[in-house]
Structure formats: C-alpha cells, structure tokens
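Here come two complexes built around chain A, the first alongside chain B, the second alongside chain C.
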Partner chain A sequence: MSEPTGVIHDIGYRHYDGVRLGRAHATLALALHSLRGVFGLGRTARAKIIPFLLAGVMMLPAVVSIAIMALIKQEAIGYTTYAVTMQAVLAIFLASQSPYTVAPDLRFRVLPLYLSRPVTLIDYVGAKLAAMVVAMFLLLAVPLTVLFVGELVIDLPGPAHTSAYLTSMAGAVAYAVLLSCLGVAIASFTPRRGLGVASVIAFYLLTSAVSTVVAATLESVNDYTAAAWAWMINPFFLVDAAVQVGLFGAAPSAPTTYPAGAGVAVAILLMLALIALSVTALVLRYRKAAAR
Partner chain B sequence: MNGVIAGISYRALLGRRRIWLLIMLPVVLIGLAVLLRVIGSGGENATITLMRTFAIGTMLPLLGLIAGTGVIAPEIDDGTIIHLLAKPISRPVIAQTKFLVAASILALFAAVPTFVAAYLLVGLESGVASGFAVGALVGGVAYAAVFMLLGVLTRHAVTIGIVYALVWEGVVGNFVPGARRFSIQQWAQSIADQLSSSPFFSTEITLGFAVPALLIVTVGAVVWAGQRLRSFSLTGDE
Partner chain C sequence: MTILATEGLTRRFPRVTALDQLTVTVGPGVTGLVGANGAGKSTLIKILLGLLEPSAGSAQVLGMDVTTHGAEIRRIVGYMPEHDCLPPDLSATEFTVHMAQMSGLPRTAARERAADVLRHVGLYEERYRAMGGYSTGMKQRVKLAQALVHDPRLVLLDEPTNGLDPQGRDEMLALIRKIGTEFGISVLVTSHLLGELERVCDHVIVIDGGRLLRSSSIAEFTQTTQTVTVEVEEGQEALAARLTELGETVTAHGRMLLVHVRAPETFDTLRDAVCELDLCLVRMEQGRQRIEDVFREPVNV
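== the complex of A and B ==
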C-alpha cells in the first residue's frame, strides 16, 4: 500500500504571539522609511549625493549671510525672501526626490503587498505625502533656523527679526505642503523615475517662465493689476502672496505688489484648491493602480 | 543607422505618456505667442525676449532632456537594453541611431514650433523667425547628443541634466560671464543672431567659437556614448 499523497506536514512553523502594533504604527513606519529614502538614507551612497548636495546648497545663503552679519553688522538676506531666492534649488530637489517616493512601488507593482496589511490606501498615500512634506519643510526650515540662531548670536543693533522668522516658518509649511502635493501627484502618473523627474521640473519651469513672460507683457502695456495676478502663476509667488504677504503682511518677494483685499482671499483659495486637486488626483491614481 | 532600432526608439518616445510632455511644451510656446499678439505688444523686441527666455531658455533644454534621455535611459532602467546589446549590431551604430531619433524629435517639437511662434508675432521680418528656428535646431541636436550620453553614463541623467540646464546655464551663467562660453543655449543664440539682422538682439559668443564648440560637443558626445556602450555593464537597481 502506498502512502497517501498531499498531506500537509507540520514542519514546525509557529504563530506570532507578540503585540500587534496596528495600522497607525505601520503608517508611521512607512512614512519614516519614505522620509529616510528621500534623503538617501538606507539607500546606496550614490543616492545620497544629490539630496545632500542640494541641502548643502540651500544652506549656503544662510552661512554667507551670517558671515556678512558678523563682519559688517548688516542684514544680507531676508527671511521671507529665502524660498523665492532659492526656488530653483527647491524645485530641483522636489523634482529629483518626489518620483522616488512613488515610482518604484508603482513600477514593481508591490501595492497589493502593502494593502494586504492593515495599511489602507489613504494611509499609504498619506504616508508618502507626509514624508515629502516633512523633507521639503526640513530643506527650507533648517537654513532659516540656522540664520535666525546666527542673528541672535551675533546680536545685531536693533531688535531681532523674530516676527519675520516666524512668518517665514509659516511660509515654509505652506511651501512644503503645496510643492510636495503638486510634485508627488505629478510624479505618480508615471512609473518611470526619469520621466517623473522631467515632468515635475517641466511643471516648475513652465509655470515660472509663463508667469515671467505674461507679467512682463502685461506690464509693457501698463496693465499692472493683471500683471500682479500673472506673477502668481508661479507656485512660489502664489504661496508668498497667499501666506507670507496675505496672512502675515510681509513685504512681497516678487518684483511687484500682489493684488490686495479680496486678492488675498482668492490667492489662499487658489492654493487650497491646488492642494485639494493634487491630493484627489493622487488618491484616484492609486485607486486605479491598486485595482490592477 | 538601423531601421529596427530607430522604430523601437520612436515607439518608446511617442507611444507613452512622454508624448504629452513633448506636445505640451510647444503648445505653451505658441499659446504665449498668440497671447502676446492679442494683447498687442508683439513687437520685434518682445518676440526676441520670448524666444530667448522661453523657446531657447526653457523649452529647448527640457525637450532635449526628455528626448535625449528618453531614447536610452528607460531601456537601461528596465534592463531590456541587454536584448539590444546582445544582437550583432555595432554598438556605435546603436548610439548613432538613437541620437538621430532624438535629434529628429527635437527638430519636429522644438525647431518647427519656434519658427511658427516667431512667425505669428513678426512674420519673416529681419530673419528673426528663421534665425531662431535654425538656432533651436542646432542647439536641440547638441542637447540630444549630450543628454543621450548622460543617459548612458548615469542613472541620474535627468537630475544631472536639470542641474546643468538650470544651475549652470541659468544661475551661474548670470553671475559668471565665463560660464556662458560653455553653454549650449548661448551657442544656439549666437547662430540665431548670425541669421537675423534685428537690432534688438546681440550675443557675446562669436560664431567662430560657437560653431566648432557645437560640432565638437555633438560629435564627441555621440562617439563617447558609442564607446561607452561597447564596454557597458549593467548594474543592479538600487
């Protein structure tokens, strides 16, 4: 008589009896892992070069400014103009790193693996977005804070620019949220990292070039009200107009004054609408990707 | 030149989402030209500003980046380049074919819209339209070669290309005059300047420097890419 086939043997696998940390913990772990990945931590040495190089370039104006303050006791770069001055670097960082957060998972189709855990789709998208937002905030907030600490240590004549620093920090939050949502949403539409980088930078270059050209044209026919609106096509000036100038009354960083009064409300609404649109697009994109 | 490789490269460039980026940029350029015309400030001076800042300064490097890296980087990323390299086709021929594909795409999506946009604004007046079209064509060919080489050399081709186009040609070129001598955009503008007789347009790089520089960069990049493919080793994805 032959042995029965197809018997499942007990080969000693054991159940996990430990504490199950649950959904919130898994989401937090995913966000932290993504945040580390944005800066290349836990990845190859080559992946660290670009983020840290760009972070170093972001620090340069702060360091130079502190040196100028120490030597000739004069303010060099304003807090609220920092992001606008360094917008090319911020845009390159956003373009080069936001595809990293979304592209590999889409390309290797590992989304079902994540979603078979307690993490839901919204958690996944939220974790990825949060990682990019925190990364962009750190990129901007660290130089601003270093600059402020430098100013306090050097102790310039006159009062410290505490309110300008706090305004710029609020601006940094707004910049980080808007730029990250836009960047991750655009990058999520392609599973290819290279194309994602090109799409995000194309978005930034198009908006900044279009706003410059349109505003210059409108100013040449003396339509300054419309020109002020045209500057806000560039997301950097939009945040400046909505948050730093509109809510906190800083001086504008664009070579113009922004629309006042109802214009501020419209700028804020526009910013919130852009964020909502990006998040919606991102969620819809992932619904589709998860269904495959 | 190999017809099959060219066909595959065209399909990779035009058959996916990449084509929307390639179409969007020229559409925005022509849209801006129409807007300028409608507002009524479409003089020769405004046309030249639009051409310099947008057509040559923004659109050309972006299209060069998308087309130049797009012909080869996705295949290297996927690892499907192995199938291509395993065929008995000379590797320099592969590089040359891919370069020609990228260059032809740039002629279609960069040089032609540049001519159309300038023509919409000033017609054929003082050779602005044809000058910038030829400038965009020559600059586009050089960008295609350089960015294709970058795509073969590194996985981060697009990011490095952006840093070159934005930081070196944009920011550094504005502060350090010497950096402008080593910028494809400036060489393209010299060619455009030579062909147009507009008094509003002048460049500092002489034609005697720009033409040899363009030739050396283009030919050098294609040859180097071919040599690099000959000893190509696929490294794992990070």
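== the complex of A and C ==
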C-alpha cells in the first residue's frame, strides 16, 4: 500500500521564537510603508496615476534641457531655478499626497493599532514626516541629478556647473523639509483626504497670490526692500532666499533681489520657525487624537 | 502564575470616574471581562496597554508595571480594538505583514507569521483582496489576526463578537477558546453578554461603574444559576403542576417555564413529565445567564 502523497498536514499553531527588533525597526518599517504609499506602491492602480504623472512632469524640463544641450550646446534651465519654475507641480504633489500619509489612519482609526505596539506617538509622527520629506526630495532631486548627469555626458564647453548642482541639492533638502512639514501639518487637521488636499492647495495658492499682489503693490510705489520681503511670503521663494541665495550665493529665482546680510539670517530663522511650528502643531494634533 | 493584576486601580476623567478602586488578578487561560457600556472595560484595556495613566493605584501585566514598562508590555501583548481599524485599500495580507513588522518582526518572519495567523483565523483566498470589500465577519478575523501576528503572550480582545451574526459569533467564540487552549496564549475578552463568555472562559470578572462586582471561576458562576428554560405549545400550567409535584422548583416566565436544576436527574424528570402529559415540546434550553442577572443577585453569593 502506497502512502498518500500531497497531503496537507495541519501542523497546528507554531510559536514565534525568532528575534524581536525594537522601536527603530518599527519606525523605519512605518516610514517605508508610508513612502511606498505616497507613490501609490502597494495600493490600487488608480492611486499610482497622480504621483507618477507628476513625477513624469517634473522630469520634462530636465529631459528637454538635455535635448537642447545636446543639439545646440547651450545651457537651458538653471539648477537653482528648477524648484521655483516647477513650484505648481511640487505644490500639487504635496497637496495630493501629503493627506495620504496622515488622513486614512485617522479616518479609519488605525492609529490605536500603531499605539498598541512599541512605537510611540513621536515615532509615528516622525515616520510619517520622514516619508513625505523623502518623497518630496526624490521628486526634486531625481530630475536635478538626471540633468547634471546629462550635462556631464554631453560635456558642454566650459566647466561643469557642479557647485550650482550641489546648491540645488541643498535647496532640495530644504524644500522637502519645509514643504512636507507644512503639508502634513495642514492635512493632519482633517481625517478626510479630499478636504486635506483642498486645504494644502488653498494654502499654496493663498501664499503665492498674496506674495505676488503685495510685492507688485510695493514695487509700484518703489519700495523694493519691502517688496523683496513680500516675495518671501511664498514658501518657495523663502527657501530660495534663505538657502540657495542666502547660504550658497546662487542667483535669485524671484524677479527681485532678496534682502542681504541680516536679512539672510532672518529668512533662515523664518524658515526654521515655520518648520518648528508645523511639527509642534502636528504633535499636538496627535496628542489629542491619541487621547480619544 | 499571574498574567495581570491591578491594585486599587482608579482612573478619573474630568466628568466621570471610569475605574474606581479596582483590584483583580487574572491567571492564564481565557478570562472574560463583562460590563455594560461605560462600565470601564475599554479604559481598563487602555491602562493595561500603558496608553493611559492611572489616576491612582497600580497595574501589572506579565509581571511588568504599566506605567514604567509600557513599551515592553506592548511588545508581547496583542490588542484587538472594538471599533473598525482597517484601511480599506490594503489587502489583509499586506496589512497583517505590516502590523507584524510594527511589532518588531523582521520582514521575512512577518510574512511567514501573517500567512500562518490568517490561516488560523480562517481567511484563505480572500486575504489577497482589498479589505474595503470585506464582510463584518472577515473584518473581525483580520482584526484578530493582527493582534496575534507577533505571537503575544496575552491578547486583549475588546468586544470581538460585536456585529456578528449567530454563526459568526459561534465561530469567533470557538476561535477564542482555541487561542486560550491550543495556542497557549492567555486571553482577556470583553463582552456585554455573560452567556456568551460562559461558553469560552475559565474565569469571569464583572465590573459595573468602574467597580468590581464579581470575579470568580466559571464553574462557580454556573453552579448558582443552573436553570433550564422550557417552552411547550399548550398545557404549560399542567406541566408546572406536575413538576412541582415531583419536587422541582418551577417559575413561570411569560410563555416559558424556568426550572431550577437540582441535579442531572432534573432533566430526566422534565423529559418524562412532558411525555406523560403528551405535550408538544417547542424548546428546552440551558438557562443563559445575562449580565443583568448578576446585577440582580446579591453580591455575597
């Protein structure tokens, strides 16, 4: 008599006696999970459309620029002006994706499950912020890097723009941190994703409109110093003024010259204050949500 | 061995006192925590997880103090909340793997454990589908799976049978029993219904208004309230009279008769009486003690 083959044995419950890693591992896992989610990976096909479409649009100037460099041996778009030129795309990405990092956990009440595990509230907020910062950085840094590699390969006459590239990378870090903190903090106040998207985009439109109108008015009365400050109401110009121009001496991307000397210090402090304010708001918001 | 112990545990909120001088000890096995809504069950669970500070008193879980060792406790304790907690656009597999990683399991181990646990709770092919389309029964199973995925030593289940149909309820209760016995994981399960917990628990704790009403083993509980409910089509009075004649204690309760069970022979007497009187027996069932009965009983029994 032959033994039956291919039988599924019920081996019963098996205990787990392998390693149990700590908070750091869990926080990293959460950040990676969120980062994948921001680009729609591990989610439905529909969730991938917007992030990949916007990432594609971000690549366009770099690709076109490389084509121009290859064909007529001339530089097209500057590294440090890339973020400011593409600010609408960055803002749309921020508005559409930052609510994803926070809203579903609040709306579907997944937060208590996270908090019943070793991670703390601060770890949770940190992981969510880190995910969004890395996403924004990649969105900006990848086209810049492609552009730089393109420039090196084409080998334009004259020296390579290495310092401009590095300045723009430092700028990309600052943009990613400031924008993500603002976006995630604003989005965290509502558990509804749609409302979060609308709030973040409204914030961007408001700051950019206000800065343009106020600056234009001040310039019409020839108050160029005040106008330079007015441009910095828009967070994109604030980072440009504080980091790219202020710290690294790039040419301003706004149609103005930013305040120099003590003005740079003020701009940097302003940027740091905004980041600190957003993070504080976020932590307070989650303290309240966790106590529910 | 003590799984958890509280000593004079008190928690006050601005307007209510959720827990009032609660002192209980829980051993291994399945323990039921019964109380009406607002009795303090969820507050107790939150304190045991170290998520809420007690206002006074102390609590220990697996020998660790909740106020100082919260993170260590949460590492080896599983928690299934009462409310919905599943993101609809993830599949059960992805979600469970993620939650295993959040408990500190490396990725490969997390995948293995998630597959194992989902099989144990009874989710098969559907675990690859997005959870938004799941039935309540399936959602409850995923919630249970995420509480078990890191192989905890204790699981806290908050109203696991909530919203389930009678069959789903039975399956969930059987699963809870299995966790306590076969899996060797201690269970603390809350419910409004004592009758339900009676079937799976070794020990039951009854709280009301944050106070301990009773804490005893299930045997003691059922001993004091052995009744059998009988429903016949006609001739209820005749049956009552016949049973009283035979020395049984009978009380009429609407269309039903409640018969006190003195000894196993009571069931035989009952059967014989129905046959002799040639009555149509509609129903005969073991009395389910509900939480209200405990409240009506004097506490000192």
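Things worth noting here:
By definition in this document, the second predicted complex is superposed on the first by the 277 of 292 C-alpha atoms of A that agree within 3 Å, B and C clash if a C-alpha of one lies under 4 Å from a C-alpha of the other, contacts with A are read in each partner's own complex, and residues count from 1 in each chain.
In the analysis below, contacts are C-beta pairs under 8 Å (C-beta built on N, C-alpha and C of every residue); 3 or more make two chains touch, one makes a residue touch a chain.
Computed from a predicted model, the values in this text were never measured in an experiment.
Within the superposed three-chain model, A:14 lies in touch with chain C and out of touch with chain B [touch as defined at top]. Within the superposed three-chain model, A:217 lies in touch with chain B and out of touch with chain C [touch as defined at top].
In the superposition on chain A, A:96 makes contact with chain B only, while chain C stays out of contact range. When the two complexes are overlaid on their common chain A, residue A:25 makes contact with chain C while staying clear of chain B. In the superposed model, A:201 makes contact with chain B only, not with chain C. In the superposition on chain A, A:209 makes contact with chain B only, while chain C stays out of contact range.
Look at A:192: by the touch rule set out above, it reaches chain B but stays clear of chain C. In the superposition on chain A, A:115 contacts chain C only, with no contact to chain B. In the superposed model, A:52 lies in contact with neither chain B nor chain C.
Across the superposed pair, chain B and chain C both touch chain A at residues 43-44, 47. Within the complex, the chain A residues that touch chain B are 43-44, 46-47, 50, 88, 91-92, 95-96, 189-190, 192-195, 197-199, 201-202, 205-206, 209-210, 212-214, 216-218, 220-221.
Residues 12-16, 18-23, 25-26, 29-30, 33, 42-44, 47, 104-105, 108-110, 112-120, 290 of chain A are the ones touching chain C in the complex. The touching residues of chain C, when paired with chain A in their complex, are 49, 51, 71, 74-75, 77, 79, 81, 83-90, 94, 98-99, 101-107, 109, 113, 116, 120, 130, 146, 150-151, 182-184. Here chain B touches chain A in the complex through residues 17-18, 21, 24-25, 28, 32, 35-36, 39-41, 46, 49-50, 53-54, 57-58, 62, 65-66, 69-70, 73-74, 77, 155-159, 162-163, 166-167, 170-171, 238, going by the rule given at the top.
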